[in-house]
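You will see chain A twice below: alongside chain B first, and alongside chain C after that.
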Partner chain A sequence: MRPRALTAFAALAGTSVLVLTGCTGGGQADQAPAADAAASPEYSGTLSILTKFAGDPTGPYFENLAAEYEKLHPGVKIQLIQETDQSIKDKTKTLTASNALPDIYFTWTGNWAENFVRGGRAADLTGVIGPDTDWGKTFSPGALSAFAYDGKNYGIPLYGNGKFMGYNKAAFAKAGVQVPKTFEELIGSCAALRKAGYEPISFGNKDGWPALHYLQQLFAYNVPTAAFEADLKPETAKLDDPGYTKALGQFKTLVDTCTDTRSGTNGVLYTSAQEAFADGKSAMYYQEILEFDNETAKGKLDPDDFGIFQLPAPQGAAGDPSIVEGSPEGYLVNAASPRVPLAIDFMKFVTSTKNAQVLSSPPYGQPSTVIGAVTPETSSKAVYEGIELVNKAPKLAAWLDTVTVPEVADTWLSGGEALITGSRTPEQVLDSVRQASAAAK
Partner chain B sequence: MVSRVGFLGVIARLLLWSFLLCLAVVVVYPLLWMLVNGFKTNSEIFGNPFALPSQWSFDSYQKAWNRGVSNYLTTSILVTVTSTVTTVFFSAWAAYGLTRVAIPFGKAVTGVILGGLMLAPSVALVPLVKMFQSMGLYNSFWALLILYTAFRVPFTTFLIRAYMLDLPREVDEAAEMDGCGRWTAFWRITLPMCKPIIVSTVLLHILFAWNEYLFAMVFTSGAGVQTLPVGLMSLMSKHGTDFPVVFAGMTIAAVPVVLLFFAGQRYIVKGLADGIGK
Partner chain C sequence: MRAMSRRAAGLAWVVPALAMVGVFVYFPLVENFGFSTLKWDIFSGSQKYVGLANYGKLVDDPVFWKSLGNNVLYTVVSIAFQVFGALVLAALIEGVRSERWPRALRAVYFIPSAISLTVAGLLFYFIYEPNLGVLNHLLQGVGLCGLRHSWLGEEGTAMPAIIAMSQWQGFGYSTLLFAVAIQRIPREIYQAAAIDGTGPVRRFFHVTLPLVREMTGVMIMVTISGAFQVFNEVMVMTGGGPNNSTQVLGTWLYRSGFVRNDFGYAAAIATVIFVVTLAIAVAQLWVARRRRVEW
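Presenting the complex of A and B:
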């Protein structure tokens, strides 16, 4: 009996420790007094910032700014928590759950930022960064509105991003192909490019999200905008527009006709596709502005051979061909922070024209959302061209995996993969998304 | 006497040797591939993943070292060494107390310590972050030292206690007869007799602390206090990773452990056989 009693006790002890520790965590955000964002800052204390700029080449950006700001205001100490694209999600979740969010923290647009707004953890900055304010007017309107919820502005957009088809001009010349004007022309050009010895489009979908980037742009082209926007929210989603199956079919055609990996594309790394293009093995590669400078880095593609165009819209598509896929990334101010005015003052310093230009130029190469920061002098030609197209676009379509709720995003993700392998038809994929969306209501 | 190996014997040996050779290739080849890739360029890695580099240059190794790997390595070594010492000694003391000293509610104490084995680290993350922040230990070397020790004491105590239970009591009694106090008995009698299990626990702890990711990721940030597993991740970026530098960083990270293995091979194999296999 004794050993059994001991085991039972050990189990009991372990469980009680679990329960006790579990109970102390989580919970609601501390009830903070509504911060007055417009108050003048008091230059003292420690300001903590969670960034997504760890590692090379972006790491030193905030470090330099922090040092400069501390020099300007000797009473202020800046504490930087720098994370990478991979680690920031877990870090933010843990800090949020333990009520330990720093004064300023990184955010994506869409559902990710909305969660902070809904949870009362993001300070309402409408009074200082609204579209009619002095500070607000310095940003591109599209970028600013990407962080607006229910007519209130919460986020400070730092840099913009958009998805474009990068192409190798030498390959196009060799194959005698022009920049395609329609989606049909794009598909039609693939045979000539293949004949000229190139993989027409290199595409790696091992992580699932690269397919979502194609799909989101094609949805924006094929589905009328009002229906498309309603479908992103499970409460209003119908997902019955015929544009969806058309777009899914177009994507399948592109994979089958223009990639060499075809139904095996799910096994190819994003980076492998990127390198195939940078090495001149493939003629096109669908990429974000943030990748442009990497393609033309030393020893890779000649900057003069590198061109970009927006993924061409299919003829007669029912959606809006002027929508560009992309979204800015930015920062939120912690609503519970005792130093909201100081946090705003620091972010104004970060987004001053001078510092925004530094961010947009090498080695950082992150196209700032501040108007006039990206110029042909400070940025590479392709980055300048891309960000101009993004800034001019009347509307941006944010990444499908961040703009909708996670359950629906996951279903789109597996649907994209199934479409590539051919295990599901467009109708079946749309059906599964409809079910996921209904379940997420 | 001349021993004659029959035809079947030769075949058996041949099979055995080829099996061992295959095993060696399976283990050694990925390590060599990692080492060699540190000398290549990004396009060589993707273009000809299995070819030798066109140029043997230490550039990537130098870059990795300067991009923070030197700091990550120092932190990793420091955290591993200190947490190994604290964990093993606390556990050995606890095991001694639990097996050799009559403490009131001894069974209950054993239960509580071993109950710690059931606590999943990820469940405790949130309260721990709160606690460490209020104590001012968040984002410091001490956070990792305390966490690694606290979370490994139950398992290590469990191993050492099991070993101590089997040690003959007579030796302790003889020591007591000779006028040996508890302190001396622990240091001079019991601990030396526990050498095999101590070696095993030291090894297990080193492997744990060297590779631990979750705590290191959540509780630290910045090159000053981060360990290798987290630091190497920051060498990768979503847009355009310099893979030769990552491979070089991984090689540098692997070297200390490989060296440790070669240096202590004899003890390691013996320790594992005597300790855990007991």
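Presenting the complex of A and C:
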């Protein structure tokens, strides 16, 4: 090679380096063009969707819909990315950081969805799903408003969800225990259930968030609502209400009195706890509506023996005993997607009355947010009862790990684990959360 | 002139490889350091320069120090088991007079190393499970009920339980490497030592140990370096919990970035891991350059 050629070669290599590094630098989110959500869809190309339905029994739901939609529109290919409840958080953030979000992606309500809206990554769908639109009118207003920010609608609510104590009626009858009306009665019933041969409450906290679900409901009961809501945002948080330490103490009492694993509960998978209840080994299991049909699917727990009740509030608690923990879950449309109208068309197909009823029925058992989809005929008794309680609740408390900022949620999570092992007192846990909240301002 | 031209042509052949290494290895390192000086919001894509604030945050972060401590604990135990323990075992295996047994034993000890860390982690998760796990059932079976634990659910036992699994998984590989090193020692040296009246223990300390010094040095460096890059087994078995008691630098980096959305801070942790492992790699090179033992 001649020196001149060498120079040219080296220059080319150097330029390649600069070009490549230029591609990886920056990290700015693509400035999302204002997508025309109301435009007519063009039925061609590949539509990518990130769902939270991986595994049984929900896995086939989107697979079947995708196949059906592709059949209706042969020019369209649906690319499904199905994740589990645990893995979707990491997957979504990885795709966000690398500016590779799919056309449609799963979201929780609260701070989780708000981050995507604030970052300009969620298309404004007010014109097509706002409360006054034809499509918007098909959803329950509460579910629709849960995804509204600053008066604009961004999310497509797919199903409602709430957390309830599932109980085995046969176990309660054998132990001579009535459905508890107060938290104190719940704790008091555990000895009788244990004597009758059952683990009173099966609980697995390996992933940390199951403890947050107990805590969030207990906070709603023990902390006055205004203070509780202000404390979720670091800018307004004080976290000085005595209700917090009371709730943390109640949670510790429940773990120590009503579970067999007690301080070792952090070593149990939540699915193991779910299995223990489904197998009739435990008398109670705190669960989401989405799990109800799973409990009876194995056939060991008779659907007639499966009952639910709201986690009872402690006597004289300063918060609101009518608040139910739960929130709808749904989907956002990527604001940078070149196929926003097609994405909306597909989601209209997903939330049609027919498909909403399929979603609400066994084996899926995900109570659709579409009005009229959940009926005693289409859904199991427990799912219907659960969603009715959610719909009647004057206020919902969304999941603690998605409603507040991640640093604070993560501190609550490790605090819940520490409370279970007994390595920290309620006061110490609250103090660490206070510090995390102050740092997140 | 011709020699210079040939050197230049040779250099030209190397340039693409250098460019690739530069882009895919060194540039990300530099870029990572750049990220560690930012407050980065992945949702909006906004990046704000904060200087060395993320490094200052490291100093005040108790979980970072806990993670570093766990990495050090991991290192110490791994050196004890995977270097010195494996060396003793390899010497025992190679000391067996039969031809067949050493081969079979090497295979037996090596099998766990053929299992991926993720699979091994899952396997041990179920061994350690408090209700259904084999370990607690075994302890109960032999009347040691008081020793039963929620091994991965208690802050005091979770990290030792993970480290124990890791030793089980990596022990056989180190043993195999030491066995190969011992096989290279001429038999005549052992025979001469035996004629001089030395027993097996003295032969180990005065023949085997000095003659596998080079391999021992390399193994120590590889083990330390590996111990600071631990990630999979912790993620699978505990995810860093309970109460961050099993966090190591790798998992705390991951949690800071992907759970707490603090990617700048995560990059600062990555820089610390890089500096530690780079120092170890330099030490490794230094050890490797020392005069080899000749025989």
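Just so it is clear, the second predicted complex is superposed on the first by the 388 of 441 C-alpha atoms of A that agree within 3 Å, B and C clash if a C-alpha of one lies under 4 Å from a C-alpha of the other, contacts with A are read in each partner's own complex, and residues count from 1 in each chain.
Going forward, a residue touches a chain if its C-beta (ideal position, glycine included) is under 8 Å from a C-beta of that chain, and two chains touch if they have at least 3 such contacts.
For clarity, every value in this text was computed on a predicted model and none was experimentally measured.
Participant: With the two complexes superposed on chain A, say which partner A:36 touches: chain B (first), chain C (second), both, or neither.
Facilitator: After superposing on A, A:36 lies clear of both chain B and chain C.
Participant: Name the contact category of A:263: first (chain B only), second (chain C only), both, or neither.
Facilitator: second
Participant: Considering only the touch criterion stated at the top, classify A:424 as touching first (chain B), second (chain C), both, or neither.
Facilitator: The second partner, chain C, only.
Participant: Regarding the shared-chain residue A:291, is it in contact with chain B (first), chain C (second), both, or neither?
Facilitator: First partner only, chain B.
Participant: In the superposed arrangement, does A:272 touch chain B (first), chain C (second), both or neither?
Facilitator: It touches chain B and chain C both.
Participant: Kindly classify A:94 by the partners it touches after superposition: chain B alone (first), chain C alone (second), both, or neither?
Facilitator: In the superposed model, A:94 contacts both chain B and chain C.
Participant: Residue by residue on chain A, keep only those touching chain B in one complex and chain C in the other, then list them.
Facilitator: The answer is residues 6, 9-10, 13-14, 17, 21, 24-25, 90, 94, 97, 99, 272, 276 of chain A.
Participant: Which residues of chain A touch chain C in their complex?
Facilitator: For this pair, the touching residues of chain A are 1-3, 5-6, 9-10, 13-14, 16-17, 20-21, 24-25, 27-30, 89-90, 93-94, 96-97, 99, 115-116, 118-121, 205-208, 260-261, 263-269, 272, 276, 406-407, 410, 414-415, 417-418, 420-421, 423-424.
Participant: Spell out the residues on chain A that touch chain B in their complex, using ranges where they run on.
Facilitator: 6, 9-15, 17-18, 21-22, 24-26, 54-56, 80-87, 90-91, 94-95, 97-100, 271-272, 274-276, 278-279, 281, 288, 290-291, 294, 297, 299-300
Participant: Please name which positions on chain C make contact with chain A in the complex.
Facilitator: Contact set of chain C toward chain A: 5, 8-9, 11-12, 15-16, 18-19, 22-23, 27-28, 31, 40-47, 128-132, 149-155, 158, 238-239, 241-244, 255, 258-263.
Participant: Can you list the chain B residues touching chain A in their complex?
Facilitator: 41-43, 46-47, 67, 107-108, 110-112, 114-120, 123-130, 133, 138-139, 217-218, 221-222, 230, 233-243
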